[in-house]
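Following are the structures in question.
One chain, subunit A, links the two complexes that follow: it is found with subunit B in the first and with subunit C in the second.
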Partner chain A sequence: MSIQRPRPPRKNPLSRTTAPLLPPPGRSRAAHGLTQAAALGQFALHQCPECQTVSYPARDACPKCLCGNLVVTPVPNGGTVLSVTTIQISGEPYFRRLAPARQALIALDCGPTIVAEARPDCQTGMRASASLQLDKAGQPVIYARPENGSPDSDSDPHWRELVADPLHRRCLITDGRNPITLPLAKALLGSGAAKVLIGISERWKPFADAAKLEALGAVELVDLDLADDQSVSAVAADYGARTDILIHNALHLRPGSILAGGELLKARDAMDVSYFGALRLAHHFGPIMRARGADRDNSAAAWVNVLSIFAHLSWPGFAAYSATQAASLSFSQALRAEMRGSGVRVLDVFTGPMEIDWLEHLPPPKVQPSAVAHEIVAALKSGEEERWVGDVAKDFRERFRANPKEIERDLWRQ
Partner chain B sequence: MIMTDQNSLLAQMTLALAGGKIRVIDLTQTLEPGTPTIVMPPELGQSWPVRIETISRYDGGGPGWYWNNISFGEHTGTHLDAPIHWITGRYLPHNSVDTMPPDLMLAPACVIDCVAESARDADFLVTVDFVQAWEARHGRIPARSWVLLRTDWSLKRGAAYANLDETGAHTPGPDAELMHWLVEERDVLGFGTETIGTDAGQGGHLDPPYPAHHYLHGAGKYGLQCLARLNELPPTGAILIAAPLKIRDGSGSPLRILALVEG
Partner chain C sequence: MAPVSLTYQRYSTKPAQWWIGAALRGLVDASGIPHSGFDGLSLASFTLGPDPAIAMTQHFGMTTRWVDSLAMGGASGIAAIRRAARALEAGDVDIVACIAADTNYTDTFRQLLAGFTRFSQDAVYPHGAGGANASFAHLTNAYMDRYGVTRADFGRVCVAQRQNALHNPRAIMKKPLALEEYLSARPIVDPLGLFDCVMPVAGAEAFLLMRGDTMRKHGLKGARLLASIERHNAFPEDPVQYRGGWALDVDELYGMAGVAPGDIDVVQTYDDYPVIVMMQFEDLGFCAKGESAAFVADNDLTIGGSFPHNTTGGQLSAGQAGAAGGHLGIVETIRQVTGTAASTQVEGARLGLASGFGMINYDRGLASGAVIFAGEDL
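This part shows the complex of A and B:
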C-alpha cells in the first residue's frame, strides 16, 4: 500500500484532548441483522424467502409481499450512484466535527436504493461498490467507493472513522513468545504502524525471536508479564497513553483432562495469563484508551483479542485451555460494552488449531501463525469486529451455528 | 523479661550486638515478581513465581490501610529445602519444614570461596580435593554445620543470574563425590548456594542426577538456595539463623536468613 497521509505531528500538550463523540446509535432489532454482517465484514441485506426481494433499510416485513420472515443474506454489492449530496453542517455534534459529509443514493444491482456515506471521488452516474461498516457507535452504516477506483480510502477522514487502520498507530502485542508475534509485528509495520511494542514475560528465560524482532526496526521489547499486576501496571505507566492498538495474544496452551490430578494448577496458570491477564490489561490500559478514542489521527483505535474457536465449545483433551478461551470471550464482550462510548473497536479473532509444537500430534489442516497475523491486520483495516481465520475456524462457525450438538459429538472422535 | 545476670551468655550476646561486636548480615534476596525460579519442561508441574496483588492501598478497598495478597512456590527466592523435597528423603522422620527441629535453625557456617573458578567456568564443579584444600587453610568442617558455596552469583541479575541456554542452566555447584563426602565424612547440617539450586545448573547430568538433593535429603540434611552477600561472611565463624515458615508437610520455604558475625 502506498502511504499517502503523512504521520500526524506531535500532540500539543496545551490543547485539550479531543473527547470521543458518537454518531446516533439508535437501530431497530431488525437492523442489527446488518450489524452482524458488518461485524464480520460481509455485505448482506434483508431478503424475502418468498419473493426474493432485497430490501433496505431494515424492515420487519417484505415491502413487496409482506412476508414476515426476512433473512439477512449476502448480496452483490455493486450499484449505480443516482445522486450525491454534500452536507456542510449537521445538527449532530459528531458530524459537525467531521463536516462536510457526502452522502450518495445508490441503486444497487440487487434491488434496493440505499443511502451510503460516499468517498470524495464517488460521483453521480458512476458505478460504485458498497460495504457494510460499523461506525464509532458500533452501528451498521454503508460506505460507497468507485467500483474501479483505488482500494485505498485512507485519505477520507470519514472512512478512517469506520476502521482501525494501523497506519501511523502505535501497537502493543502482549505476548512476544506467541508464534504469531513475529509475523504480526511485520504485518503491522508493513501497514505503516509507527511503532510495535512487544511484551516479553520472564526476560531471564531465553527468547529466540528477540533478535529477529529487533531487526524489524520500529519495534521495542518490554518486560510484560500478564500474570503479574505490577508488571502490567509498570508498562501501562510508560506506554498506556501511547497505545493505539492493543493486541492481547496470550497463548498458554496445555493439554489435560479435567479428571487428571494436577489439572487445577494448570488451569489456574492458564487462566492467570489469558483471562486474568486480560483483566489486568483492561484495568491498566482500558481507561486511557477509552479516553483517547478520538485523539486525532492516531487515536486509540482497537483492542484485539486473539481467541480460539474452543471459546465456544470445550475441546476434549484441552479442557483448561478451552475454559480460558470461554472466559476470554466473555471478557471481550464485557470490554466491548465498556468501550462503547469511546469508538475503540474490540475485535475478536477466532482461530482453529495453529501449526505449533503443542499441537504437532494433530493432522492438518492447521492454521499458520502468519495467516493469523495477516488476518488480524486485514480485519483492523476493514473495521471488523469478528474474524474467523482458516478453514477449520470457518467450518466450525457454520456447523456450530447450524447444530452445536453435531460438532460436539464430532470433537469426541478426535 | 529484664536480664539481671550480666554474665549470662545471652546477656553478653545482647551487649555484643548492641555494641557492634556482633554484626547481623542479611543473606536474603528480596522476594519480588521477576525473581528467576527453577525451570521445568512446560508439560510438567510448575512452581509459581512471586506474585503480589494489592488488597488495598489507602483506597476504596481499605481507606486507612495497605496490604497485599502474595503467592509463590515453596522453592522461590532465598529458601530452604527440607529432606521430604526429594524422593531419597521421603520416609525420614521430621523431614518437612514444620517438623524441622528448631535447634538446627541456628548453626555455624563454613564459606568456601570459588568466585574465581565460577567466573572462569559457569559450569564449575566443586570437588572433594577443592574442599580439602580449603580445610588445609581453615580447619576441618565441623559436624552439624552449614557448608556454603560463595560464587558471587547473587551479584548477577535476570538472564545472567539464571544463565539459561538451549541446554539448560549453567551455574556452578558441587560434584557428586563431594556431596557424598560432605554427608558421610563430615556430617554437615546442609549445603547452601547463591544460585537457584543446591545443585549445579547441569547437575541433572551427574551420577546420581542432582547429587546435592540426592545425598543431602537422603541423609536428612537441608539445602539453602539463592543466598546473597556471602562475600560479607568470613570462611569460618559465622552463625546462621535459618528458620523456615512452619508449613504443614512443607517441602521447603522462603525464609529471612541472617548471619551473625563477630568483629
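This part shows the complex of A and C:
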C-alpha cells in the first residue's frame, strides 16, 4: 500500500468536469454523536455510563441495562475481521462511480460488531483497526485497515474520498505574512502538494520570508489584498480553477479595548481582512471549488479556516481581534453548509496564542507556528473537520465545554 | 383459503393501494364473499406510506372490527396468520383478509434500501450501499467458511427453482437456468452473483383466514392450520448469523402439528438468497446443521422431485414483490394442500410447510417463522 500514486495527467479541457455526487446522507440524531468524534479524528462509540457496555449502531438506550444516557466515549479501535465482501453493483450513483467497494464485518475488541468500508488488503480472520471518518456527505462512516499493514491508505480511492490529502493538490495560502505560512508551505510540499500559491498584500512593505518561500520550489507568490475585492477577483480569475485546497489564515492581531476611541478603526481593518476577506474569497473562489469537488484525483478538496480559540470567547485586551474570529467561525459554519453537496471539506483549526512578536508579553505555553502548520496538514490527511492545536487550545476546549463562565472569569486575570 | 396471486410486474405505474384493491377483488372473486363481508384486514407493505393499514378500510369501503399491520418483511405472512388465528379463535373476528402488496416504481427499491431501518441507514448503507445483497454476502461468506459449502451447492437450489418457475405462468423469470450460467453470472456482491439475488417487482399475494364453521357455511374449501412458530432476534450472540429462530422453535412446530419433517409433502422456504434456504433446511429439521449442501445434492427439489421445494420458483425466479415475498410461499402452500396449484401441483400433496424470514435490521435477519398446513381431509 505504500507505492505513491503518480501525479494525475493534465486534464483534457474538452472532457466534462465530473459533477459531485454524494453517498447516502441520512443519519439518526444518535448517530451524530459519531459525527462529532469523526470531525475531531477520534474513534468513539456509545458507551453505557452504568454498565460500561459499548454499543453500535448508535442506540438511545443500553441494550444490556437500558440506561438511557449513553455517552460517546473514545474506545479501542482494534478488532477481528469476520467477513469481507466486494460490492460490485450498487444502486447509488455515488458508489456506482466508485465501484467496486469493499465492505467488512468486524468484531471489535470493545464489544460490538461493526460494518466498515474496508481497505482492499483487509481479509477475513485478520486483525484490523477502525477509524471514524466523515464521508463526502459530511456524515460519519467507519473505515478499516489491517492492523499491521501500511499506515498509508492512499492507494484506495475510497479512502481518498474520506480525506483531503494535499498529495498532488494545488494549495492557496491567503496571508503570506502569517508566521505559519512558511512552515505550512514546507509541510504541504513535504506531503506532495503540487504547488503552493501564497498571497501577499502590499508587497512594498518588508517581507522577510519571501526569499525563503521562493527557495522551496513549487511556490508562487501573488499579490492578494483580502481587503480589496478586485484583488481577490483577479487572483481567482487566474488561479480559481486550480485551487484545490484554500487555507484562509489572515492574521490581523492588534491589542485594544472597546472603550478606546481608536478601536472602531482597528475593528474595521481587522474585519476587512479576516471576515470580509473570507466573504470575498467565498464569493470568488467558492463557486469554482464547489463545482470541482469531484474533479478527478486532484479535485477541490478542502477549505481551511485558521481560527483562534478566542472565536468562542472574547479575549480581554483583544476585543476587535476576538470579534473577527467569532465572525470567521460563523463564516466557517455558513461555508460548510454552502459547500454541502460538493464534497469540499471545511476544516476549522483553532489555535491558542502563538509564539509571535505581538504576543511577546504572554507567558508560555504558546504554540509554535510550525506546530500549527503540521497539524493543519495532519488534519487534512486524516480528513478531520475540526482540530485544536497546542496545549492552551486543548485546555481551553475542555474548560469551555465544561463551564464557559469559569474560563471567562479566568481570562480576566491575565 | 381463497389463495390469490396477482401477476407480478418488474415496474409498476400503480401505487401499493392499487395492488391492495386488486388483491381484495381477487379474494372476492375466489371466495364469492363480498368484501363488505370481510370483518378483519391484515396488511403487510413497505410502500403503502403515508397510509397506515387502517386507511385502507375507508379507501376500499370496508367496515372491519379487526385490523393488523405487519412490518416484519418476509416474516409478515407467518406473523399475520398467527395473529389472525388467535383473533379468530377468540371470536374477535370472523373473516380476515390477509394481504401483502407492494409496488415497484422505477426508483422505489433504492429508496427502500436507503431508508430501510435506522441501524441500516446509520451504519450499513453508507458503507458501499450494497443493500441486502451485501448483508447476505457476509452471511454467505461465513456459512461457506463454516461448512465448506461452494457456490455450486447454492446453484443447485437456484437451478431447481428456475425449473419450477417454468411451470408457473406468473413467474417473472421465463428462461431455464443451467448451473454453468449460474456460476458464470455477473458478480453482484461477492460471493453472490446475479442469480443469487431476487428481482424486486410489484405485486400482491393474498388469502382469507376463517374458522372451519365459517368456511363450511360459505361452502368453501381450504387448508387447515396445524402449527406455527415465530421468533425475533434469535441467537444475538452468534458473531455472524448461521442459523435462524426456527432452530429454537422447531420442536414446538412439529409437536403442535403432530407430524415429523419426513411427513411434509411440499416445502416453501423464504428464499431471497440461497444461503437462507440452506439454513431453513437445517433449522426446520430436514437435515442436520451444516449438511444442506449434501441434502441438496442428494435430492431433487423440483415439483416432481424427491423434495418438492419452492414450487412457484420462489422469489428467486418468481420475483420479490416487497413484503409479499413472505406471503408467496404461504399462498402456494394453501394451493398445494388443497390440490389447486394447477401447473405447479405436487401430486398427492397433503401436508405443506411454509416459512418466513425477514428484516435485515443491521447485520442479520431478525424475524423467522413457519407454518404447517394440511389439506382439509387430514
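Going forward, the second predicted complex is superposed on the first by the 411 of 414 C-alpha atoms of A that agree within 3 Å, B and C clash if a C-alpha of one lies under 4 Å from a C-alpha of the other, contacts with A are read in each partner's own complex, and residues count from 1 in each chain.
Definition applied: a contact is a pair of C-beta atoms (placed from the backbone, for glycine too) under 8 Å apart; a residue touches a chain by one contact, two chains touch by 3 or more.
Please read all numbers here as calculations on a predicted model, not as lab measurements.
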Simultaneous placement of subunit C and subunit B on subunit A, clash or fit: fit
Touched partner set for A:Arg254, first subunit B, second subunit C, both or neither: first
Which of subunit B and subunit C A:Arg203 touches, first, second, both or neither: first
Which superposed partner A:Ser308 touches (first subunit B, second subunit C, both, neither): neither
Partner with the higher number of touched subunit A residues, subunit C or subunit B: C
Touched partner set for A:Thr85, first subunit B, second subunit C, both or neither: second
Which superposed partner A:Asp223 touches (first subunit B, second subunit C, both, neither): first
Overlay on chain A, subunit C to subunit B nearest C-alpha distance, Å: 39
Intersection of subunit A interface sets (partners subunit B, subunit C): none
Subunit B residues touching subunit A - in the complex, by the definition given at the top: 33-34, 36, 39, 42-43, 45-46, 48-49, 51-54, 158-159, 161-162, 164-166
Subunit B-touching residues of subunit A, taken from the complex the two chains share: 202-206, 223, 225, 227-231, 254-255, 262, 265-266, 269
Sites on subunit A touched by subunit C in the complex: 23-24, 26-28, 30-31, 56-58, 82-92, 94-95, 101-103, 105, 107, 113-117, 124, 135, 137, 139, 141-142
Interface residues, subunit C side, partner subunit A - complex: 109-110, 113-115, 118-119, 121-131, 133-134, 137-138, 141-142, 145, 186-191, 239-240, 362-363
